[in-house]
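Questions regarding the structure given below will be posed in turn.
Per-chain numbering from 1; labels A, B, C and D assigned in written order.
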Amino acid sequence: MAVETNQMRKFLNDPARVVKESLAGLAAAHPELLRYDAAAQIIVRKDAPKQGKVGLISGGGSGHEPLHGGFVGLGMLDAACPGEVFTSPVPAQMLAATKAVDGGAGVVHIVKNYTGDVLNFKLAAEEAADEGVKVSSVVIDDDVAVQDSLYTAGRRGVGATVLAEKIAGAAAEAHADLSKVSETVKKVNERARSFGVALSSCVPPASGKPIFELPEGQIELGIGIHGEPGRKRASLGSATEVVDVMVEAVISDLKPKKGAKVLAFVNGMGGTPLLELYLIYGEVEKKLRAAGVEPVRNLVGSYITSLEMAGASLTVLELDEELTGYWDAPVHTPALRWGI
Amino acid sequence: MISERVMDAATITSWMREIDAVMRAERDHLVQLDAAIGDGDHGTNMVRGFEAVVQALDADAGAPPGKLLVLAGRTLVSTVGGASGPLWGSALRSGGRLLGDSSTFEGPQLVEVLGAALASIKDLGTAAVGDKTMVDALEPAVETLRSQLREGTPLDQALDQAAAAAEAGMRATIPLQARKGRASYLGERSVGHQDPGATSTALIIRALQKAVGEGS
Amino acid sequence: MAVETNQMRKFLNDPARVVKESLAGLAAAHPELLRYDAAAQIIVRKDAPKQGKVGLISGGGSGHEPLHGGFVGLGMLDAACPGEVFTSPVPAQMLAATKAVDGGAGVVHIVKNYTGDVLNFKLAAEEAADEGVKVSSVVIDDDVAVQDSLYTAGRRGVGATVLAEKIAGAAAEAHADLSKVSETVKKVNERARSFGVALSSCVPPASGKPIFELPEGQIELGIGIHGEPGRKRASLGSATEVVDVMVEAVISDLKPKKGAKVLAFVNGMGGTPLLELYLIYGEVEKKLRAAGVEPVRNLVGSYITSLEMAGASLTVLELDEELTGYWDAPVHTPALRWGI
Amino acid sequence: MISERVMDAATITSWMREIDAVMRAERDHLVQLDAAIGDGDHGTNMVRGFEAVVQALDADAGAPPGKLLVLAGRTLVSTVGGASGPLWGSALRSGGRLLGDSSTFEGPQLVEVLGAALASIKDLGTAAVGDKTMVDALEPAVETLRSQLREGTPLDQALDQAAAAAEAGMRATIPLQARKGRASYLGERSVGHQDPGATSTALIIRALQKAVGEGS
């Protein structure tokens, strides 16, 4: 094989091109669903813009796959703006995506609450407005690990982003108007909370080095989705103990009403196999019932990741009839598909 | 009198070139700083941005300094991403707008340019000194330059002191707990680390001093 | 957290119970599709046995999730028999599964070609016959990395297993008879070839140690799905070079006819993120076209894994109208779902 | 005369107990051997199997030796999985069937029992000596025991030599390239490693010698 060898445990050609090459592969695999606009570096739903339908776009750094590109398609996103790995995309991408999906009914921007994402989407929304496109931006901030206070940039947007994209996507597909679709994103964000833990760091292709060193037998509690360390480090206990921490953190903050029906989303960070994710789900399900809520819907798998980080996050969404109906509505994207 | 040193488009171009050079040189250091309390991309972000700025300026030679600054800002916004892109991008854009079409400028206007840059960073990012951000390096630099020039210090000495003030502000971020940006997610764990954005900002001011010095 | 800490980067309670707890979680997450018979340690389709429908079961060591339990449901498997991690299940499990899914039309056993799986399924088939159940066993051996000769146990069964379970599952759902369903499994096996590579080893919960040490910058070529080293080790080149090796190995052995329509399955071994799998798919797609075949269907993701091993495999299936029709038929399982 | 040592159910029980003890002791070593050329589970497989065998026999005390062997075989088949489970499981089952209901047996029948075990392993696994499997340890053991007893060697000495032959066969697997089982997938890379199944087989024969020795 090559003389000049790749020192990462990764399949890459040029670290500077990994995002572009991956997007090209995504489009090659799903031509029936989406296209890749390489010039603008955006993934666009094949049949966009749909006249009269509210456009739904999101975006953020890459390295969280399938988020966001893998959620472009029927009943979910109309376009995704992927930045470099763990780096917010730029306003030009968001503006191009906004124009590509505007069917005259306006466009909703789903923005994860990171300073970079927020600032870049803000500049993009201003430019879009200058160009006469109605844009409504909603910030997702569901991570209970971060106190929302004057002393932080506010809570991070994590797992609830996936749920908001699915649910608001269903609303948009049902021809809800601009304010209804953005209200739906807000509603999901208000009724969802998340908490994540890591058992390893991950290696961004650009640096080729782990973002931090986590010795075996240790766990990072309260991580985000950028391979960053968490709020604190502890010694790793049993899965039951870890799930106790996750459920307690989420439920004590969400404060669902007794007997509430919830959606439980057990998400893998990329390097934790399904064998363990289902083991975790089994524990989560028991503990949620013990906490007096009823998991009537669930999602188990690696949907919002930090490259190959070993870890998991729990998101709990308090459902109502409307949200349940939108969740169950047909979706057809590379990463989520049902009802069609 | 040196303090009447007149600057022009060439000053802006060489400033951007100096920044490009120093960001490449400091890239890994900035990555390490960001890996400790952020997400490890600040070095690559700044390199990607200022490489593009230098290319853009080469393409647009002959334009007045204000236009070059606006172009540099737009280029940062459209290539960097992350928090630093919009922040430094808007900063250079508003600094540039202030110069309008005039083909030259002097110390007092340079102060206004940097003041406008600082103002737009604070406006967009809502950070104040002490939040452990680039503001901790930029604000003291601007104030030092303003006061030094008011006292009649020659421009390049004043810039040298401004850069020193930025470096002091950069070091002063080490004991702070971050209140803005990713580092704030770490809570107390952000204490004891130097802020990457404050570090690149100190490099940017030092590069300005070099660029102005060369020209004289 | 716990005083006595877990030294693996894994979410576990007791390594000896990881499989059972994971299966319980799978069943808790998908009660509408399947049930877990803990006594027999098998996963059974909820509505089994279906009178008059041929039963389709498979099984093997655990650690390959979602295979096989994640493929139990409508249009795919009727039951799965999960052994301990990387250890074949025992005949008692296979016998229980066979009886649980026999709707009077007989049962097909899909057996991956590993000595342990083959011997245990053989004993189970004998016992089932003694009990009067018609059983037809088909062995999958699609791995071109192993020469099939007197000097080996024959080719391993890898990626083609997933395709055979989907395609034969559709045939069984369409009420094909016992010989037709087992012929369909054979047909998939004959028309499919696979080749896998690894960039890391993996850590079985029982031993807590990596099966082998692979230094960074090295690649194992010709691996199976049990975290074992491959046929040879080389220095890791670019993704393009690795894909060249995979496509060449598969195509030169499959020898598809010019212009053949194929299904290209890019599978992750568990620890390789989707970002890279799609990058690989982009390369695979170009090279297959260059090799004169047309990828008209594809599957990209981690479907037959080695715990958290970093690596990937390529499976190419030469399609015809019948196989394409069965592939496109509705499927509803935890891991594969479309058309419903 | 020692060679007329009469064996019974207790011999079988203590043989299985000896195996259980030695498999626990050698578990990690067997795992390492299997990790090198297989999938690293042979030690856990054998421990899981013989733990279950010992439990099963305790539950079924009082049965004749043949029945106990059949029960042990069935237990291995239903608890081990992997390649070794069906192979050793069928081996003990057919060995046991051969003893029927007789409550005691002597050296010559022991040879037949081991011969039947070897035959069923070869029949099921289609391996021959030299393929780098458990057969490389078991076949020389059976032949040595048979010839030694024919020459009138006392049973425990004959068993000692049979165990030594098994250990020699085990070591002889090191230079071989595997032709059966997982190790065969490695091609030349299987050369230079001792086969885990041959290793556990040598332990099983040594355990038999101990069990028979104790009883006399």
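Please note the rule applied: a residue touches a chain if its C-beta (ideal position, glycine included) is under 8 Å from a C-beta of that chain, and two chains touch if they have at least 3 such contacts.
Keep in mind that what you see is a predicted model, and the values were worked out from it rather than measured.
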Please name the chain that ends up farthest from chain D once chain centres are defined by their CA atoms averaged.
B
Per the C-alpha means, the centres of chain A and chain D lie apart by a whole-Å value of 55
Report, in whole Å, the distance between the mean C-alpha point of chain A and the mean C-alpha point of chain B.
33
In whole angstrom, how far does the Cα centroid of chain B sit from the Cα centroid of chain D?
76
Out of chain C, which residues touch more than one other chain, so two or more?
85
Set of chain B residues in contact with two or more other chains
none
Viewed as a graph of touching chains, is the assembly arranged as a line, ring, star, complete set, or other?
line
Just spell out which pairs of chains touch, all of them.
A-B, A-C, C-D
Sites on chain C touched by chain D in the complex:
61, 83-92, 114-116, 119-120, 122-123, 145-147, 150-153, 156, 204, 206-207, 209, 211-212, 224, 226-229, 231-232
Residue positions on chain D within touch of chain C in the complex are 31, 35-36, 38-41, 44-45, 48, 77-87, 90, 124-125, 177, 179-182, 184-187, 189
Across the complex, what residues on chain C touch chain A?
1-3, 5-13, 18-19, 21-26, 28-29, 62-63, 65-66, 70, 85, 199-200, 216-219, 234-242, 245, 270-283, 285, 298, 300, 302, 305, 307-308, 310, 312, 334, 337-340
